[in-house]
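Structures given as structure tokens follow.
In the two complexes below, chain A is the common chain; its partner is chain B in one and chain C in the other.
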Partner chain A sequence: MTPQANARAELLELINSKMNRTLKYYLDTCVRCAICKDACHQYVATGDVLYLPAYRAELIRRIYKKYMTGSGRLMPKLFEGRDPEDDVLLDELYKTTYACTSCRRCMFWCPFSIDTSWVLAVAKALLLATGRGSEILTQLADSAIDKGKNIDLYTGVIREVLKGSEEEMRRVVQDPNAGFVYDKKGADVLYVALAGTHTILPAAIIFHEAGEDWTLSSFEGSNYGYFLGDTVKAKEIAQRIVDEAKNLGVKEIVMSECGHAHRVMRDFYRMWAKEELPAPMVSVLSKVDGYIKDGRITVTPGKITEPVTYHDPCQIGRNFGLFEEPRNIIRATCSDFRDMTPNRQKQWCCGGGGGLVAETEFDDVRLKSGRLKADQIKATGASILVTPCENCRLQIESLNDEYNLDIEVSAVLDLVVKALVTKST
Partner chain B sequence: MDDIKVDLELDLKGLLCPLPMVRVSQNISKVPVGGVIRATATDPGSLADIPSWARSTGNEIIKQEQEGSNLIYYIKRIK
Partner chain C sequence: MNWFQYVFAGWFVYIALLVFIGGLIWQVVKWRRVAKSRIIMGMFPKPANLGARFAKMLKDTFFFPWVLDYSKSIWLFAGAFHLAGLLMFVGHLRLIHEFTPLVSWLGANGMDQFAFLTGGAFGIVLTVALIYLLLRRFGTPYKDLSVPEDYLLLILLLLIVTMGNHLRFFGTVHVTDYRDYVMSLLAFKPAFNAAILSSNVPWSLTTHVMLACAFLIYFPFSKLVHSIGAFASNLVRSE
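What follows is the complex of A and B.
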């Protein structure tokens, strides 16, 4: 075989290895009804066919039809058959695939429930195999893996810098012995935050007040290997937390508010690693909602009086099913909660998911497609926007500037800390 | 070490993960090979993110210091 034929055969083998029954169903079933055009925030905002969900999948479908179906093999031109090493196709595939936020709103609208993001997982595998993976997502994934291998270099200096946040914690809870808990064997809870103190401090204050037996993970929950579409790297990043949970022998893994971290740990890690998590995993939102309901912490009802609205992050909402817990917390702490329309599983993606806030090459479509979310926020008249996902918060901060929203962006746990009645009170 | 020639200053104060690392990555090609970026961040997450980015991309942190809440990195472009 010629080198080109060899390369093609390898790429086709890769695609074929991903072709389970469900994926074939997705590729065979699309009837081009274009209902998905009204579901995708990127297509609605730009009108660019590149962002039409059916078209995103169509690029993979053309390879599939030409090489993996009888009719396509016989009449490739009829199905616009394409080759997997075709540079023009790969360029287009890169733009449409890495621009997608994997919000899966199109799947919710599709009459056949075609999961375009699943088809695009194949596209990402093809792009990575041809050396066309997203450079910045690769760097973010690689640095997370490097951090995992060299964690001893960082824990001392990070914990030293976090001492300032521990001072803040002691000031809030009025307990000179309060602080962050590290490396505690047999703790009930391993709390997995994000990098930085803003997702550690509020949780630490709440755990302290709830009398929780907790310890802080040395690793962040975010997983850019997942956004990159590299399942080997994504597994390795998630593995750091799994190994830590095993070593410490914790009873429960509590993930920060971050959206995609939940899906990686609950939905994908088992599939990649072919093992169960060493302990049950729960969102910190469910945990804190439970603390309030069970009376383990006390909040002042209606403490926050400004109008508040809530954005359902796609990964934690539509794709994970966590809708009511954050709303319960908001209702317990705020006197004027205004839900957006549409909301829950029908909500619009903010435009920043899928790693897009880090991929500056997609800034134009990210900001344009955020217009729908900006319009939703404006319509509520709220002055505080609450959302759990870090990517969503970064995006909505950008929309704040782009669309003059004049809104304060907050995490859910920040509300709890503001309304908390501490035991020292 | 005190007279490091800085080719590019980056103000990353207030940016949260992953943006400090992303901004360094975006800007490294703006200095010549052997050139130095001085990046000032405030996110403690950058303490691991930026050095691990440097190591995994083959660049080098030649000096790191803290002034109050400012975390300052001198990043040398190696390739």
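What follows is the complex of A and C.
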């Protein structure tokens, strides 16, 4: 075989290795009706066919048709069959694949419920195999893996940095013995935060007030290996938390306000590692909603009087199933809650998912496609936007500047802390 | 029947049906032979149990209710196209066996009038919908997304329907004569009777049947497998 034929055979073998029944349905069933065009914020905002969901998947379908179906082998022209090593194809595939936020809004409107992001998972594997993986996502994923291997070098520094936040916590709960709990064997809850104390402090205060038996994970929930589409790296990153949960023997893994980490832990890890989690994964939103309902913590009803709106992160709403828990928390703490239109499973993606806020090369499409979200926010007249996903928050912060929204962006737990009636009072 | 009619309105029908049925079975076998995904990828909110999942899947597949949210025109044209196609197929069954309850209700003449009106109406609906769907492909962004298969199928269907319209609106042949032809096929002795041969339809009837056969042969190997794939993929949606 020539080197080119060899490369092609290897890439086809790779696509084949990613094949499963659902993916095959998706590849065989699409009729290119393009109903998905109006579902994708990137296509609606740019009008560029590259961002049309069916077109994104079509790039992979054209390889599939030419090499993996009888009719396509016989008549490749009929399906515009393409080669997997074709540079033009791969360049296009790079732009469309890493721009996709995996919000799966197109799946919602597709008459066949085709999940474009799933087809693009194959595209990511193909891009990685041809040396075209996103550089920045690769670096971020590698540094997370590195942290897992050398955790002892990190913990001392991190815990030192967090001392200021612990001070803040003691001030709020007015308990000199309060603090972040580390490495507690047999704790009920392993709380997995993100990089940054803003995702730790509110939860720590709430856990303290609820009398929760918790311990803080040394690792962050975010997983750049997942955004990159490298399942080996993604598994390794998630594995750090799983191993920690095993070692500590915790009863629950509680995930902080981070969209994709919810799905990585509950849905994807199982597939990558071919094993179940050592303890069930629970969202911190469900946990805190439960605390309020069960009276384990007390909040002042209507404490926050400014108009508040809520953005459903795609990975927490449509793709994970938490619609009401965050709304319950908002209703318990705010007097003027205004839902966006559309909302819940029909919610527009903010435009920042899929690791996009970290990939500066996609800034243009990210900010343009955020226009839909900006318009939605404006229409509510709210002055506080609440959302439980770090990527969404970062994106909406940039939309705040770009579209002069004049809103305060807040996490859900921040509301709880604001409205909290501490036991010491 | 001349040799061309005998081949393309005769034996081609058997080949087409064999390929159509065998091909669809083969497609299902191909799907079943690939391992199921280990991951659950349905979207929320999800139906509570398997029964509700099937109900939702059938509703999504037959009514594609979400499409109505977004584009009323595509919902209308796609819906009219599929419905007219389905009813047209049902109408053709009359050529295998007369719908006797309808005849006893409407009378023989009434039945013919009914068939003329419904068949004619569906023919026109199909023609209009196909032209719409075809023209739509030439606009932005559809033309960049479309591949030759998309045009081929629409043109093929448009030709079949046009021939059917000729038989319906301009043909001088009566239903019983078409039934004779279908019966001859079922008896494996394909033949046009004297009434058909002496009429103005042999060319359009032969073309109609021949292209319909080509359509059936291509069906299992094309995007038309969405007719069965839709049930499977819409069920995955609520997994």
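Heads up, the rule we're going with is that the second predicted complex is superposed on the first by the 425 of 425 C-alpha atoms of A that agree within 3 Å, B and C clash if a C-alpha of one lies under 4 Å from a C-alpha of the other, contacts with A are read in each partner's own complex, and residues count from 1 in each chain.
In this text, a residue touches a chain if its C-beta (ideal position, glycine included) is under 8 Å from a C-beta of that chain, and two chains touch if they have at least 3 such contacts.
Computed from a prediction, not measured in an experiment: that's the story for all the values here.
When the two structures are aligned on the shared chain, A:D142 is found in touch with chain B, with no touch to chain C.
Between chain B and chain C, the partner in contact with more residues of chain A is C.
Touch criterion met: A:W118 reaches chain C, while chain B stays clear of it. Touch criterion not met for A:V250: it reaches neither chain B nor chain C. Of the two partner chains placed by the overlay, only chain C lies in contact with A:G321; chain B stays clear of it. With both structures placed on the common chain, the touch criterion links A:S71 to chain C but leaves chain B unconnected.
By the document's definition of touching, of the two partners only chain B reaches A:L153; chain C does not.
Residues of chain A that lie in the contact sets of both chain B and chain C are absent, per the superposition on chain A.
Remark: chain B residues 16-19, 21-22, 25-26, 43-49, 51-53, 55-57, 66, 69, 71 touch chain A in the complex. Of all residues in chain A, those touching chain B in their complex are 136, 139-140, 142-147, 150-151, 153-154, 157-158, 161-162, 164-165, 194-198, 220, 222, 224, 357-358, 360, 390, 394. Within the complex formed with chain C, the chain A residues making contact are 19-26, 28-35, 37-39, 43, 47, 49, 52, 54-55, 58, 62, 69-71, 77-80, 104, 107-109, 111-115, 118, 267-268, 270-271, 274, 317-321, 323, 344-346.
Those residues of chain C lying in contact with chain A across their complex are 27, 30-32, 34-41, 43-46, 60-61, 64, 66-67, 69-71, 74, 78, 140-142, 144-150, 152, 218, 221-223, 225-226, 229-230, 232-234, 236-237.
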